[in-house]
Amino acid sequence: MSASEDQTIAIPAAPEATHTTLRATVPALEARLYQPVALLDHGFVRVIDYMGDDHAIVQAARVSYGRGTKKVSEDTGLIRYLMRHRHTTPFEMCDIKFHVKLPIFVARQWIRHRMASVNEYSARYSVMDREFYIPEPAQLAGQSKLNRQGRDAILEGEDAARVLALLRSDAEQTYDNYEWMLNEGSADKPADPERMGLARELARMNLTLNTYTQWYWKTNLHSLFHFLSLRADPHAQYEIRVYAEAMLDIVAAWVPVAHQAFLDYRMGAVTFSGPMLAVLRRMLSGETIAQADSGLSVREWREMMASLEIAPS
Amino acid sequence: MSASEDQTIAIPAAPEATHTTLRATVPALEARLYQPVALLDHGFVRVIDYMGDDHAIVQAARVSYGRGTKKVSEDTGLIRYLMRHRHTTPFEMCDIKFHVKLPIFVARQWIRHRMASVNEYSARYSVMDREFYIPEPAQLAGQSKLNRQGRDAILEGEDAARVLALLRSDAEQTYDNYEWMLNEGSADKPADPERMGLARELARMNLTLNTYTQWYWKTNLHSLFHFLSLRADPHAQYEIRVYAEAMLDIVAAWVPVAHQAFLDYRMGAVTFSGPMLAVLRRMLSGETIAQADSGLSVREWREMMASLEIAPS
Amino acid sequence: MSASEDQTIAIPAAPEATHTTLRATVPALEARLYQPVALLDHGFVRVIDYMGDDHAIVQAARVSYGRGTKKVSEDTGLIRYLMRHRHTTPFEMCDIKFHVKLPIFVARQWIRHRMASVNEYSARYSVMDREFYIPEPAQLAGQSKLNRQGRDAILEGEDAARVLALLRSDAEQTYDNYEWMLNEGSADKPADPERMGLARELARMNLTLNTYTQWYWKTNLHSLFHFLSLRADPHAQYEIRVYAEAMLDIVAAWVPVAHQAFLDYRMGAVTFSGPMLAVLRRMLSGETIAQADSGLSVREWREMMASLEIAPS
Amino acid sequence: MSASEDQTIAIPAAPEATHTTLRATVPALEARLYQPVALLDHGFVRVIDYMGDDHAIVQAARVSYGRGTKKVSEDTGLIRYLMRHRHTTPFEMCDIKFHVKLPIFVARQWIRHRMASVNEYSARYSVMDREFYIPEPAQLAGQSKLNRQGRDAILEGEDAARVLALLRSDAEQTYDNYEWMLNEGSADKPADPERMGLARELARMNLTLNTYTQWYWKTNLHSLFHFLSLRADPHAQYEIRVYAEAMLDIVAAWVPVAHQAFLDYRMGAVTFSGPMLAVLRRMLSGETIAQADSGLSVREWREMMASLEIAPS
């Protein structure tokens, strides 16, 4: 086997034939199966398999009540009730398996979510492809001075050009040296027969964190919603958020009722603490309240006013 | 809604229509979908949904190697290799959802396996059915004197008859009183309008542990194999083992290659400790060894000889 | 070994000697170690071991920031910030191990929480004690007509007396028959030498669900807070809520800052959906809104008004 | 705050004062608390906290038997029995928290073990230190031709020198450019006031995979044994194996009986499949068997002969 054959990360295509099944099937998701959604410069996410639909959530919830299925409007109400009251186990009855190509630094954030099954391309066993994430100029944000996790204005002009050039040249150079260490050769550049190649498991350490990797990632709908509530959030880093947003769009095709309930009761929701509720009740009774006599810290006060879209006085 | 309608635990039938899907589909399992396998006197297990097949295991393992699919004989070898070396993550890519009806004391053993999603019929919310597990006379085993977890000879004659009569009459009586406390009435026995019914969440405490319950239970193939290795084992209690055996039979239809690998390398396998291996090597070199000079405890020696089918001298 | 010796469930006492340790130690919790808090008629909960304290939460959060420890007021602010924003992993760094004695029907609810380690007294291996939960008359609630999971008014007079008598006599009778089937004998009632005892794993099925069991239950602080948010809630069944409340009291002694943050931001908090927030903003700007033009369902409107303590018009 | 202060990853020292506790305490482990074990060129592992000891395992197992504690020799036998028969839940009653400093490519292998709690130093929030793993010359292994995951002979002479020089210079250069992009300045090199610094969450992508990170990693003894069985194994990559071996040594101090049982029944153990057992029985009865008539594949036959230390004929 030539090295080039070996290096190409396989991306199985959609099967040619369809099958007949008794299982719950979602035509809108079938239409997207195996279709990659392109993300960043070389990444993608696509659905490889799934199990369950909106009705499976209802079916699981109903086993508790000893009653058969009811008409659709009630199913919708039940799913929304389950989401609103965080009755999460029925959502665990649906599963989805994604194939994802993503930069390593994004993979490192993602893997913190433990409630999933993962099989990742192994750089111990195989040679990584020469593919790196280089941000779009519009994403080249400066470090926020206020918030240590945040981004600020966009770098521009010469500074931006220099950053992009460095990211590109460092990734290329470290990859060149990775290839030299491996000495496995390729179609156009044969291996040096005089020199032993370094073990793949060692050579990989020379790669930069924007190198692309890929994996299968399978999780249930409850865990997926938890992942999306954190990673499709505006506070998430842009480079993982684009994946979460694409997955959220897939979820809309898969389980439209649960998806809408998730948007209403989780993504768009705000939690008020006991002390915040007390302030809210006073405000609704007509009282004018300043932070100083609210009983809330400055930080909590600001968070609350922001939720209510009340400009700071 | 009349109480009787309310009390009947709903058992959704197979859907009438089939669907077209691009997903991995297993005809041998499709043929069993929604079909209950009767177990014990009133129990059953049936498959409601599944995801993946033998090939999905291979596909997940191969993402690590950056190579496309190979021919079937290699797939079989790869699955057997994964099982033998306990590379477990590719088996997590397959999921199965069961609907199970089982006695409460069996459910209590089963639920200890945490790597699964469960929705159980709620006796807080609904009224339990009048159904109890009463063993077949052939299962009426005496308490082992040697092994505190084990069964001994079968009870016979009058003793057996008395046990069965007691199990039956106690279950019936406590259920009668449960119904009386609930005072919900039924088609043939109306509720007493003068008397307030006890809360369902309280009345249930009067039921015996052989009352049947039911649940949806969903897990991945890796966790299922772990469950089956413990519960389809001859040391497992008969009443849970029959469920495990029926599920193992379903697994044979679903993922035949992984199933055979499981039988060979897990169910039929024996682990020898370092000290046992040392003894084995001496035996194979022709040495005759007694427990006293084996370095093994009496218990370990007995376990080892049993595995090798060597009669104690 | 006589049966009576065998039947007594062992309750290890507090060790006599103290030790010297470099580990984080909480004197207020040390004072409660091994001390059972009596619950219901025969139950208890007590702490057997723990790891970590408020500072361990801060320490784990700070590793992310590359900074050393700061002064106490900042620690408090940081813990409250983590709780408010559901940054949950630092709370996983604290663990606690409880020894709990509880009725089986309560154990069945409790075990649904999977993120814990459990070792339960085995009725397969040992003989259960003759101890049953019989509610206090004040807890003998009727079934709610409005809410199928809820309780209504308290049963009184003859009806209540009859229920209590039935619960007691059924538990006693099924236990008598359990003992007869086992035929293991006791100090005052020797076994019948002519009769084989039924296997323990079978005889146990004759017991009622209010029989007491016990277990060690170990979990981390994050999972414990999740458990408490559901089980110390007014909607939880009284019989499990008393355990949750006792554990919450123990948490107050163990990690007082995290406990207060939990009360403020989880127990006393209310989540408003996107549509509810829109209504709230209109109300705060002085608008008078009726359910009909709120865009909320009747159920959501009621839940929202209840949170705001606004009487339905 | 100056950048240098900000950049130094905090390593909390051992507390100065000891405490008095009623909890299970292990003097041999107390002596190692907070003491880093140096690994690789800049890494370490150290214990920060722990809960439980050998006796806690016994205590959890005994709750199943309703009996009090027995004498030490029986405790040892019980722990060995639990390990041999994979009764794993009692081992979950012990927890340990490590502070680990390790190269990112090692962290990526490690994090696949999901049954643990992790708090990692965040390169989104903070600046990484200028520290990279450069292998010892003795670890500079060539790629195995036989086994794609393995190492072969050691690189020597000029080739080795060139690899080490490249690893070093690429890491230094990418770090220099990382610092330039950040433009945060340091004590000896002030920030350029004319230029906006790139967001930390972006700049980090320019670092190589041998950059050191650190985390708190907490797990229970059962999960730790699973981790060690895979990572202290000779097939594990050297760079993670040194961590596993150091942790195994710590486990020996913490729970000496469980540690010895683990060595005997897990690390030193070999599992024979049903077909292998059949061959073994024939061999023990004096038969001479060749692979061809063994019923085993060539690969299985080789694995079996290697376990028995029988040279291939």
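Going by the order they are written in, the chains are A, B, C and D; count residues from 1 in each one.
What we mean here is this: contacts are C-beta pairs under 8 Å (C-beta built on N, C-alpha and C of every residue); 3 or more make two chains touch, one makes a residue touch a chain.
The chain lineup, named per UniProt: A, B, C, D = Flavin-dependent thymidylate synthase.
Model, not experiment: these values are computed from the prediction.
Could you name all chains that are in contact with subunit A and with subunit C at the same time?
B, D
Same residues or different residues where subunit C meets subunit D? The copies count as same if more than half of the interface numbers are shared.
same
Go ahead and note the Å separation of the Cα centroids belonging to subunit B and subunit C.
28
How many angstrom between the C-alpha centroids of subunit B and subunit A?
35
Would you pick out the residues of subunit A that each touch at least 2 other chains?
65, 89, 112, 118, 122, 125-126, 148 - these are the residues of subunit A that touch more than one other chain.
With touch defined as at the start, can you tell me which subunit A residues reach subunit C in the complex?
Within the complex, subunit A touches subunit C at residues 65, 77, 81, 84, 89, 112, 148, 263-265, 267-277, 280-281, 283-284, 297, 299-300, 303, 307-310.
So in the complex, the part of subunit B that touches subunit C is made up of which residues?
So the residues of subunit B touching subunit C come out as 103-105, 108, 111-112, 114, 118, 122-126, 133, 135, 139-144, 148-153, 155, 159, 163, 166-167, 170-171, 173-174, 177, 180-182, 184, 195-202, 204-210, 237.
How about subunit A: which of its residues touch subunit B in the complex?
6-10, 12, 14-15, 18-25, 30, 33-34, 49-52, 56, 59-69, 89-90, 92-93, 95, 97, 117-122, 125-127, 214-216, 218, 220
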